[in-house]
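Heads up: the structure comes next, in structure tokens.
Letters are used for the chains, namely A, B, C and D, taken in the order the chains are written, and counting of residues starts over at 1 for each.
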Amino acid sequence: MASKLTKSIAIIAGAGPGTGASIARRFAQTYPVVLLARRASSLDPLVEQITQAGGTAIGIPADVTQPGAMESTMQQLERQYGRDHFTVAAAVFNVASKFSRSAFLDSGEEFLASLEATARGASNFSKAVLPFLLRAVEEGPQGQLPPTLVFTGATASLKGGSGLGSFAMSKFAVRALAQSLAREFGPKGVHVAHAIIDGIIATEQTKEYLADKPDAKIDPDWIAEAYWFLHSQPRSSFTHELDLRPYCETW
Amino acid sequence: MASKLTKSIAIIAGAGPGTGASIARRFAQTYPVVLLARRASSLDPLVEQITQAGGTAIGIPADVTQPGAMESTMQQLERQYGRDHFTVAAAVFNVASKFSRSAFLDSGEEFLASLEATARGASNFSKAVLPFLLRAVEEGPQGQLPPTLVFTGATASLKGGSGLGSFAMSKFAVRALAQSLAREFGPKGVHVAHAIIDGIIATEQTKEYLADKPDAKIDPDWIAEAYWFLHSQPRSSFTHELDLRPYCETW
Amino acid sequence: MASKLTKSIAIIAGAGPGTGASIARRFAQTYPVVLLARRASSLDPLVEQITQAGGTAIGIPADVTQPGAMESTMQQLERQYGRDHFTVAAAVFNVASKFSRSAFLDSGEEFLASLEATARGASNFSKAVLPFLLRAVEEGPQGQLPPTLVFTGATASLKGGSGLGSFAMSKFAVRALAQSLAREFGPKGVHVAHAIIDGIIATEQTKEYLADKPDAKIDPDWIAEAYWFLHSQPRSSFTHELDLRPYCETW
Amino acid sequence: MASKLTKSIAIIAGAGPGTGASIARRFAQTYPVVLLARRASSLDPLVEQITQAGGTAIGIPADVTQPGAMESTMQQLERQYGRDHFTVAAAVFNVASKFSRSAFLDSGEEFLASLEATARGASNFSKAVLPFLLRAVEEGPQGQLPPTLVFTGATASLKGGSGLGSFAMSKFAVRALAQSLAREFGPKGVHVAHAIIDGIIATEQTKEYLADKPDAKIDPDWIAEAYWFLHSQPRSSFTHELDLRPYCETW
């Protein structure tokens, strides 16, 4: 049964500047948001920005690829909201996989580091949030949106590339996880989705790139809108996968 | 340059009861809608319903699989709005392919009829509306949403099935067209998208099916919301393909 | 029961110069081959070449996209071998879809001509040969290879392209048919396969193209070997789909 | 330049009973084979069997998922054949990923163990053999077959499943690696391929399963034939991916 005291939150891993910040701001229009990133310095300005806009945000520095990081995060939330007094309405795994293009035979230990960190992060995060997403199915308020878990993918989620083995392995693996969780938790009422971001995202770091061609980079606020759209879908009509690319992208 | 006199319309082929009607009602919240279906009898109640809700709708009986049907439709619209005085903001090809499961060797002439009708319909419709979608790119009002062409697909868009050759050929072919048009007209500013409807749609005809399991059929209003979401995307962030299925669907 | 008098043949539609001829020569090492092409002039030299090499070949001019062409072909074979006295060990649909790249809005009636001819051809051919492939399952000699139906696909079987809608629709549709027939007739013992030819084929017509780069075009004899390999597989281990491309092809 | 003293070998990781043994026997018809498996006890009978059949085989117990295992394997081969005196004609990564179906939230540390071991194994193996495959391109004898690297995949290479996240992540990641290596090393003349084994393989362990239905399990000798077929292809006509399934498999 829904309790009036139950708090529904959104939690975003990879809430640094760019896509993560856009997603955080979008979900903060409806939910208190919990923001995870490796460095507190990425979180503080975002928490402040959301707070000033009238939202509620908590930043928790956490490296989700490390064992224990998600457990201690969830414990901190239980202290914050009271054990059994919160559910997760939406969880987004937006942690970047390390992108590098390098000749396979020149690569060293780092070749698998990206895969292992990404896979571990995605798995740790999913294990930590799914019990709270399931609790939202059981105890959520009447009329709530189905609890949602979204993974951020990339072009390389669908296609390997010369020198891109490490990145593609990461992204293929996350897609495999997203599909497997969708097939396991969908029937339990949790909406699991995967977004293929097929293009350069417009961020501070990419602002020189294609600077003279308007709209040639993906607006991170529209990645956030797409994730919100996914969250808004009722359980009769779940989208598992969608792609996003600029109008002028070659594909 | 945008002219104050230019009218932006939405046009839906396959605007019969069910999905087509939901799409029509959704787009009628913003645009005058032009509804195409083979029989006037499917159109009249929908036109009336939209009109009573404060929208504007025109029903044109047209079999888009027939040569000339779309030309005469567009000419009728030019008489209605004035030549060069309207653009198409959104066009939806929602004409059903005939679904039948039958042993291949027992099938007759009808085996290819579905493919040919669907392919011809999708092609005729696209040829007729694309000049007006391109005109919307050129002449549309400031701040308009990118003109959008959406095709309705199905499970069989991705996967053939025993006894389903005719239907799958239709659906694969439409997907090929959608991809080809997206790659040709995307760079010109037209958003071409394809939706994979993977499940039974909740309509009058399917109401007995899974009657005891709530939300086990796709809500057509949420197909319409998905199409509207596609239309709402700015050109920096086009989704070409998304799927839609009930939470409990096996896939 | 296998009859000593039953003849096992191979039949190739699209047996013109290039890939079709290579396939014909390969299968003629084991079976009498029946060669279909629109023009007798493409068939005569090939029949002679196979005969001189010690094989048996019959050329039948036939446009498989035309109604009745396959029926009259099969009747001719019944006259030749005696009704109920032959089975089809292998059938290959290698009829080229018309390839053209053209702006969608500039295309005319021919836009759908390719799709309709290809789909009709593939369907007519399959309907005509499948009863004889099934008969081979029932009546074939001990130890024969499973009867096999192979369709030639292309890059555009998987991916639409700007200006390629007509060709891609054809190729997607054939792939849908191949998948559907595999799922229907595989369990009955017929091996249905689809080959994605992803690159330029080395033929008389393409000899100027990449002339200075050895092996940059697909050797049609190796398409033939791939088809023979498919035919050689026992029913425990059917390959439904494989791709073929030059080592230096970008994909 | 090819040296008469250069030895061309085949090397198979995962050469235990079943598929690995079949592949080893098939390639031993042409090359000395180097067999890797975790336990010497799996290797000894196979080495003896190949030797008695007139082939040459070396078994090297090695856990390719462990750092250093492949380096010491390759050093052992250099001692055996002489530094710079051997090339790898064919390398097969057939190491099984641990298959388990378990509820995601009940899984522990082992959830990622499969992925990490498989990814590490596939990456270690590829890094160790590719220099010798490239050397085969440079120094191989006239008329040799293009050096080939084949990865064994599964149904779960293409599709996640409820409770199968761990296995699917492994298999998706290997496919990503295979695609990336194909795109990097194909243009250098190395044939990189990926086989999707979609069904139960007929082995000692599976002999009770479907025991009453002949040919319902994949014959491992025909997996081996498929790998040999891949190896036999000239560089004008490389197959990157093929599937293999019993005629009666649902897919």
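In this text, contacts are C-beta pairs under 8 Å (C-beta built on N, C-alpha and C of every residue); 3 or more make two chains touch, one makes a residue touch a chain.
These numbers were taken from a predicted model, which means no experiment stands behind them.
Trainee: Mind listing the chains that sit against chain A and also against chain D?
Mentor: Output, common partners of chain A and chain D: nil, no chain qualifies.
Trainee: Is it true that over half of the residue numbers where chain A touches chain B are used by both copies, so same, or is it different?
Mentor: Answer same: the two copies use largely identical residue numbers here.
Trainee: Counting in whole Å, what is the centre-to-centre distance of chain B and chain D, each centre being its mean C-alpha position?
Mentor: 47
Trainee: Give, as an integer number of Å, the spacing between the C-alpha centres of chain B and chain A.
Mentor: It comes to 31 Å between the two C-alpha centres.
Trainee: Using the average of all C-alpha atoms in each chain as its centre, how far is it in Å between chain B and chain C?
Mentor: Centre separation, chain B to chain C: 35 Å.
Trainee: Return the residues of chain B touching two or more other chains; collapse runs of consecutive numbers into ranges.
Mentor: Residues 183 of chain B touch two or more partner chains.
Trainee: Looking at which chains touch, is this a line, ring, star, complete or other?
Mentor: Basically the chains close up into a ring.
Trainee: Considering every pair of chains, which are in touch?
Mentor: Applying the touch rule to all chain pairs gives A-B, A-D, B-C, C-D.
Trainee: Applying the document's contact rule, which stretches of chain D touch chain A when the two form their complex?
Mentor: Listed in rising order, the residues of chain D that touch chain A are 103-105, 111-112, 115-116, 119-120, 123, 126-127, 130-131, 156, 159-165, 168-173, 175-185.
Trainee: What does chain C use to touch chain D in their complex?
Mentor: By the definition above, chain C touches chain D via 146, 183, 186-187, 189, 191, 202, 215-219, 222-223, 225-226, 229, 232-249, 251.
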